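Below are structures written as structure tokens.
Common to both upcoming complexes is chain A, partnered first by chain B, then by chain C.
What follows is the complex of A and B.
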């Protein structure tokens, strides 16, 4: 088991690159370019507008240890049986510290034309595609991922096919040393008129300050209907960085849910490009934080074609000294007429020390559009509590009911029944267990 | 509606009717910025040593700063060495003792602009301080105001006659280190208005300043300071125009408002600097820092109608320091042709039970770009802070842009913050409906736009509201095909 322990990722890690080259020499230009970009930019600071409220200094200060090799933790099926979605009837790809684990994964019979596999399985032609959707992004963590990603899921659905079962991507960190970083790269291509549900969950089995840096590129074809649920419940010392780069086809429907409950610091960059008419894109998210946690959702929805709808709904429940950050930008390009874009961010502060930062932005260069955004920050509505009390409920019950409703509003939007029910129970249970409801 | 159309026709005859140049002998400093320029201005104004020191400190700090690039506007870099930092109408002898001795040409200029400078304009009931390039040329109704103890004069005069007040408050709301343009202003500010309302006084009339840029290649850097003592009340209006020129001129002002316990300041602006021609040649760069501080139970209300300037970059803000204080911001910003505006407000809630209201209406036409940028910040100790923000944008034509960049930061759970924004265009059905009832399309647009802005106009003093309405009509002329 060899590992790198440099503090500066920008210095070319000869040993790591030699290893990574064995996984695919064709990827080396992408890796080198990523490293070069990161050398130029370094870690973002609070002076970068996109990182104003999210301080990644604790990550920069960790030793830099990408898990180029599997850490060799022996994990059995029994350890994964109890995890969220562990019992769900789905095809499951399990990645331990950024490496595919064949023994724990189960891939059933998908119809021909559906490929569910992992990057290092040696899929031909993918080298040229990787990075094609994330290329314009100057996020330093994408650059780092370009340089050091070890593995990730590949899902390809041919035109007109549907996923017979949901695909569950389970990412687990087992690292026991601070700074151990899993760089994961997912590639999703859904052809024309395809359907399917993809579930992505991130968990930790250790308490170390690990880093998960996941980049997902997805190309959703004309008329496709894809639901993507991302569930992040890592340990409260972990750092979680994610970015999603999607390009949507004509009349495509794409729904992305982000449920962020864990990690000391989590950041989700969502970059949606709506470049064909008739697209409907929904981004839906819930963050429930306590202690020192920070969750940041940063999205840019670019309307580059007429007649597209996009809706963003994000609710946050913030307790203790936690901080919720929301940055949503709707960009309507010239000519993207009849755009209907909506954006809401609601934050509930449960403690005196919690902070909410929200930046809902509109940037509009077309005139025949309907764009609205709204943001609220506040504590629980006294009038609503009073209303419930007037109907005979005591205060704790009333508060509980309102809080359930606030979180439930987001979870309810998940279309996949089993996933929705499991998450609903989990979220409500979590609210009861850890937040001061009384 | 007929009458309105006539007025519009009248206005249309000259697109920008304030575009004339007054041919008056003026005394200007050679273009260029350095310590000598700062010393020159200070000496010209016979300023005390402390003020010169303050200016120099600001200048030295400015040299270390870089021009900000974050606003959503595009313009070629300004060469600060090409600007003359001082220009004033040449004085004969010791300068005028009263308005009667002011150069008739200057008075004529203000007459043309429709500003009542002469005491005979008493009927208008507004006291005016007129600033021409770098100098204040006269203030009306001084005597009447003095009876109430109200001080209303140019800031240069205040430095001479009330140095203790100026020294106590200058730079307390906008420190010289505040931002690039405010720092530049602190170093080279030439003139501006000074208002002091004594304890418990309600200022008997509206106070007004009229700013005029006349000379070419000059920048105007005025500084306004308004102090409302405990329990006092004042309403202040500001208007601006400039001649039509092909090159861009810089206007970097600073306005500081101090509202002590239970005081109320209402500050209204109708900004109509020359916006440049249809191709975006010329026009004023309007980079302004405006900020007020509210002590306990005080209230500051900003109302602005921004129709002019090639580029507007301005965020009138309120620091709600005292408990129960109130901040308000009402804005209409219109961009037509190649104009760009990046404007909004900052409401900083520090005291308990503080409230703020933001109503911003942006109208974009032609190839104009209009951005709202605002900050609502609730500090840890600001229990029961309340904010309501509404930013609406109206788009006319398909080449313009409307943008909203709100920042909301809350550190207190009892805060109640709401932000709403909508963007829409004037619907064809709305116009059709008006056409059906016999209104011309342009009239219909004017009517819809005025309805859209009503919430803000209603906050303006009467005469200003009328003027603002007409101004919008004119600025929109021709924007509908």
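What follows is the complex of A and C.
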């Protein structure tokens, strides 16, 4: 406890825990263990190998204010109608500062084998499951989340069922005080041979230096085919920390897209465990940053079974003094023969002051595998610009086309048509509005 | 159409073109041949406006205007087309989107009506068929992962769609097998008319079996050292370049 006290004199876990206990006594062991781990570790520093390029000191220096109670911000449907994916035909769960908002959410139309709800709705038995997939992770933010999470989505799809509509999880921060932190916990179980699209978006309605700390555990069953699109477009003062802990079943297909456009600092920890043969796992990400923004994707893909494919594609467009960080570790366990693991990270620097840190890491303990990785950091390709100009396109158009194409490589992989099209238009608009094109 | 007068150009301080004189009239096909390093591709690059080349003397007039004063896109819109020796791969940029944007940039410049997606598709599919390009081609990113032959056919497809007045083909034959060569040459020949002209840059005579030139020029060390008709190309095929370059020295 001492370290926590020194880094955060304002933290009052006793009071917070009293309130959290009212929401579910059965979760208290998880919470207490989380707090104990965090007290031991404190916030990570640049000395931690996993955090070498991402300095969370600005988070550590914020007042410690988990939003244990809703902040009471009244939001109407009209404020959410215009947000990205707000018009998408979907079942929508809305969380404001980490608290479920029933009035703004719409759930219907799912078949009887599908449960779409939120944690504090009192789902029996879940308290024993939570943490089972994230348990081995020593990420201090997971520990903090264990201790202080208030709510989050629960999606359970029974064997053979499919989501009739995509499920859209909309997380909004409204906090007006620096340091107000929403700790969100999602739980997703897709049974055998299930199908569905899950969209997770994170937005800010205020300009305060808020913290979003989201932990998602997902268990994807045998033969399941799940697409998960995470869209982070928070304010440029916000801090966004996310971790995904997934265990995939035999022949499962899981595609996770991370579109990171917002936040002062965002970090996505992706921990994929390919535990059965025949899995195809795609991690696909785009970050477009400017100003002082930083986006960090930190992945560990563990091939624990033979005949699995994993592909990571991450493209970054970095302007001004922004920084993009990519860490991709592929771990091929003994016996995971016929692994096909591919990893690429491409960074386009639009400014001399922008930085890309890219660190592919292959750790292979099997001898019959195919693992490739490639990383590029560069400016816009002058040859390509000349090629387009030689076809009659002016320089701004040529640059726009190249940037859009670069971002489009990632967006094009989204299979859900309406989501892909909306993101494609959004990305193009963002490039035109924000990044210098001439 | 094109008058090149005593054109001198180089990279940094290294002179490459040392006084080129060449006149190309509408309705003509000129072949420019020469050994590696003679300046063939530099000439193409300078005419198309690629960065990095300094023009140190002479001029190039295109329809009596100073060609070298125009930005690359202005040259393209005025009807100058360079078929690249090494077409650039542009991942992420869809071929249909790229080509329609290019066609419309040029139509707009000419004051003609731009093509909507449907009319564009109709037009391009006919041309693609002639060049043996499958329909999936339009969905693929520009040149990305294309074979050498596909890239060259794509250049010819673009040329056909942009309908230039002056087409410069920079070693379009390199890396092509005989079938692809014939398809590419047919594409060029279909474009030939009394209103336009082609400058075909090549190292080898074999392309000229299919695209028959009116004039053949031999470039050596930055100068045209010999000009003739198509029989000159045959003579080069037989004797190589040595007899000419020795003569020039």
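Definition applied: the second predicted complex is superposed on the first by the 427 of 438 C-alpha atoms of A that agree within 3 Å, B and C clash if a C-alpha of one lies under 4 Å from a C-alpha of the other, contacts with A are read in each partner's own complex, and residues count from 1 in each chain.
We adopt the following convention: contacts are C-beta pairs under 8 Å (C-beta built on N, C-alpha and C of every residue); 3 or more make two chains touch, one makes a residue touch a chain.
Note that this is a predicted model, so its numbers are computed, not measured.
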Does chain C touch more residues of chain A than chain B does, or is it the other way round? B
Chain B versus chain C as contact partner of A:401, first or second or both or neither: second
Could you tell me if A:391 is touching chain B, chain C, both of them or neither one (first, second, both, neither)? second
In the overlaid three-chain picture, which partner chain does A:409 touch, first (chain B) or second (chain C), both, or neither? second
Which positions of chain B touch chain A when the two form their complex? 70, 72, 378, 380, 393, 395-425
Residues of chain A that touch chain B when the two form their complex: 49, 53, 334-335, 337, 347, 349-379
Note: in the complex, chain A contacts chain C through residues 381-384, 386-395, 397, 401-402, 404-409, 412
Partner chain A, residues of chain C touching it in the complex: 48-51, 71-73, 75-77, 81-82, 84, 87-94, 97-98, 101-102, 105-106, 109, 141, 158, 162
